[in-house]
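Please see the structure below; I have some questions.
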Amino acid sequence: MAADPRFFGQSCPQPLAAIAARVGAALPEGADGDMIFTGTAPLDGAAAQQIAYMESRRYLAALRATGAGAVLCAPEHAAAAPPGCVALAVADPHLAFARVAKLFFPPPAPRPGIHTTAIVADSAEIGSGCEIGPYAVIGEGARIGPDSLLGAHVVVGPGCVFGRGCHLLAHSSASHTIAGDGVVLHPGARVGQDGFGFALAPDGGFETIPQLGRVLLGDRVEVGANSCIDRGGQQDTVIGTGTRIDNLVQIAHNVTMGRGCVIVAQVGIAGSTTLGDYVTLAGQAGLAGHLSIGNKARVGAQAGVIGNVPAGQDVFGTPALPVRESLRAFARFRQLGQPISKKA
Amino acid sequence: MAADPRFFGQSCPQPLAAIAARVGAALPEGADGDMIFTGTAPLDGAAAQQIAYMESRRYLAALRATGAGAVLCAPEHAAAAPPGCVALAVADPHLAFARVAKLFFPPPAPRPGIHTTAIVADSAEIGSGCEIGPYAVIGEGARIGPDSLLGAHVVVGPGCVFGRGCHLLAHSSASHTIAGDGVVLHPGARVGQDGFGFALAPDGGFETIPQLGRVLLGDRVEVGANSCIDRGGQQDTVIGTGTRIDNLVQIAHNVTMGRGCVIVAQVGIAGSTTLGDYVTLAGQAGLAGHLSIGNKARVGAQAGVIGNVPAGQDVFGTPALPVRESLRAFARFRQLGQPISKKA
Amino acid sequence: MAADPRFFGQSCPQPLAAIAARVGAALPEGADGDMIFTGTAPLDGAAAQQIAYMESRRYLAALRATGAGAVLCAPEHAAAAPPGCVALAVADPHLAFARVAKLFFPPPAPRPGIHTTAIVADSAEIGSGCEIGPYAVIGEGARIGPDSLLGAHVVVGPGCVFGRGCHLLAHSSASHTIAGDGVVLHPGARVGQDGFGFALAPDGGFETIPQLGRVLLGDRVEVGANSCIDRGGQQDTVIGTGTRIDNLVQIAHNVTMGRGCVIVAQVGIAGSTTLGDYVTLAGQAGLAGHLSIGNKARVGAQAGVIGNVPAGQDVFGTPALPVRESLRAFARFRQLGQPISKKA
């Protein structure tokens, strides 16, 4: 399937030599470096002017049958490409594919200008080359770095700082936020609002605790659609460089996480929990508050974590257990569900 | 309780004969077809000019005591209606009630016109009879079918297509989306944004994979408040005709589902999973990626599905098991929680 | 860490005597009531002009080492404050801290005025002292009480009523809603939209059931960022006085809850379930429909509740069991995961 030009415009055609250069692959003997490609496609639907990629050996049969004019694959699979399909051997076909796809369809660049309906406070600073969309509202003292894009209806509160090349998409909002370069807020993301902090008063009412911290977003952090990151109470909520957060995620006040974390959709992290670097939290996992999750730990989907997780540990289940222990217990649990006659 | 006229206006009064005709019920002997009704009410709070319905035999006592002037009920319960209450016997009282309630309170029709503050791109096409609300933003080349309603602050990206009679409510947004007729986006719904796709680079950073697919919404699809449907990566994300999606649901890139599915609140479906027709996912269920869920399968609330589910199968639990096996295992698990003395 | 003045302005300095008076603490002998404090800080980062608090005895070492000029603590810990740190003894340091922090940083008051871009229907009533932000849209017949604040892009539908001193923050929306005084809608909150109600028709399609109820919010209810509260079908959805709802929570049609409930992030409550007063639902818990949860019941994180819960009961797990039973069963489940050799 070619990308729909209504949404993606025409692709930027690329000669094979440029593609090979981008991914550091050698052109196989006899391949024509001037051959023009127009885009990417899956192995099983690709045409002669398209390039596909082979993610794993599961797709060996698809590779053998592909109509693609070229393929990105591991060196050991290059020989399986059919005649007429140039195999570009790369160490990581998935990564190479990401890079090649961007050659054809570079991410949309801002079209510099401030829409006449945008409301930018007098004391706000907008860097050069920014696109500020219709009905955007930017508060006093806010600073938006150069080459950034703010979509329609984006609200940036007073004092917020965003670095160079940030993309704040439709309906996203930020307050009390200091962000680095290349940060992306997807539609409807909420960053910097009040944390859920209050004390119980003797009359049964709740006394709100002023939330006096900020949200700090490192370079290239992405926050998914309709996700929420509350600002800190007495300290900051901190998201490390390059961390990616999917849709509908909840990150409570005072959470800190390191660089390169992957937080999948609908995860919830309670207040003051700390994640190291390169932590992965799979979908719908929940972490209690005041925990410490070590570097490169991985938490399974829907897991409920109520204790610290050491670096490199994989955990699963509710309450979460180390993955081997959890799987063994579950296997026996499942045996509980067998009819008695089968257990004998 | 009568509907609050501040929100619903006055009802459209209906003669009993029109009500009976709408639901295909015979007027009982002696009933006055000209009797005027003003609205619906629950059995236990209804007045003589209101019509109630009896959902199941659990409400037999409420039927016997009702003050309603008429009731929609199964044929076998008609005799239990008290004197002065006309029983309209129907095969499905719940469905009949939906239809009757709409007679009294038809869904709000668009009031044709484009608000002066709406920003409609020159190349966008707005069908006849549409209502476009304040501060709506409609991008280049977008097409909105006739008799559609866009609420305040709705953002429709360039190239999007919506069919006839669609309702996009306050703060909803769509990009890269092709939708049929009668589609409803509830407030804050997000459709068509980037999927969560990236590759890990050797330096520990992530390389975004361009998401070059679309979202295709069949006729009469409804997307709940603050729910998210990401567009596809190399293929489309597809939601079949008539499927209903509740609030705060996450649907990842490349998911496809058939017609008439019911996706309850806070469900999450990971990338590239396929649902057949008439699948039901109960609240907070999570489905891993690349799975296949057969027609009419049902997934229990909070279930975690990590394998394919055959057509017609009901599953429950995390990891999800067929419902009988799951209930048996849970019953024994619960026995584990009894004090030892009770087990003897 | 002092509060960032870009976001919080300068604090209102307070003499020690005023602080002590606010929390009902006696000034210790020799303490200087005229000593000026500039703000709050955690025990381990506080300076001489800041006041800290000691949440529990876990922080005794931090108290002994603090650089704070004063501390709020339980009477039995007052003697542990280091020289130069005035100990204010209070029954509830957490509550006292909330009150003191508000002295330094009172919540932002509305700056009266209606932004020129706000669209206020002719028949809407805006109380005195209200701040109505840019691009807010207020429908026909709506009433906003005095001293309320509506942020940028807020949408209030026709007929809605909000009391005195309400804060509706950026991008929040309400329809079919009657709210008391001091209600807060955090960014992106959705209140009053259609419930998920429909009947299955013989042709496999769904017939929408008109949702003819409202949402009633008691005084001081708070609704978190991107949370959703659907209006009722034949009755109202009701949230009692003082109840606090965190982010990304789903509350379905016809739910009613009492006063002082605490609903943590990502909880889901299905239709027609009733909560008493002071119920706590921890993060990601799910409640099935048509249940009754008694006063002061507590539901654990990620629990799945499928039956009624009596007043005062704590439940845990999926399906939820009384907490003692659940913990015992889980302990034995965990034993299932031990290698066989360890079980002997």
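Residue numbering begins at 1 within each chain, and the chains themselves are lettered A, B and C in the order written.
FYI, a contact is a pair of C-beta atoms (placed from the backbone, for glycine too) under 8 Å apart; a residue touches a chain by one contact, two chains touch by 3 or more.
All values derive from a computational prediction rather than experimental measurement.
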Interface composition of copies chain A and chain C: same or different, split at half: different
On C-alpha atoms alone, could you tell me the rotation angle mapping chain B onto chain C? Nearest 5 degrees is fine. 120
Find the geometric centre of each of chain A and chain C from their Cα atoms only, then give the gap between the two centres in Å, rounded to an integer. 28
Residue numbers in chain C touching two or more further chains are 135, 153, 171, 188, 226, 248, 266, 284, 302, 318, 330, 333
Chain C - residues contacting chain B, complex: 119, 135, 137, 141, 153, 155, 157-159, 171, 173, 175-176, 188, 190, 193-194, 196, 198-201, 204-210, 212-214, 226, 228, 230, 234-236, 248, 250, 252, 266, 268, 270, 284, 286, 288, 302, 304, 306, 318-319, 321, 325-330, 332-333
Considering the complex alone, what residue numbers of chain C touch chain A? 1, 3-4, 6-8, 39-42, 92, 94-95, 97-99, 101-102, 104-105, 107, 117, 133-135, 151-153, 169-171, 186-188, 220, 224-226, 242, 244, 246-248, 259-260, 264-266, 278, 283-284, 301-302, 317-318, 330, 333-339
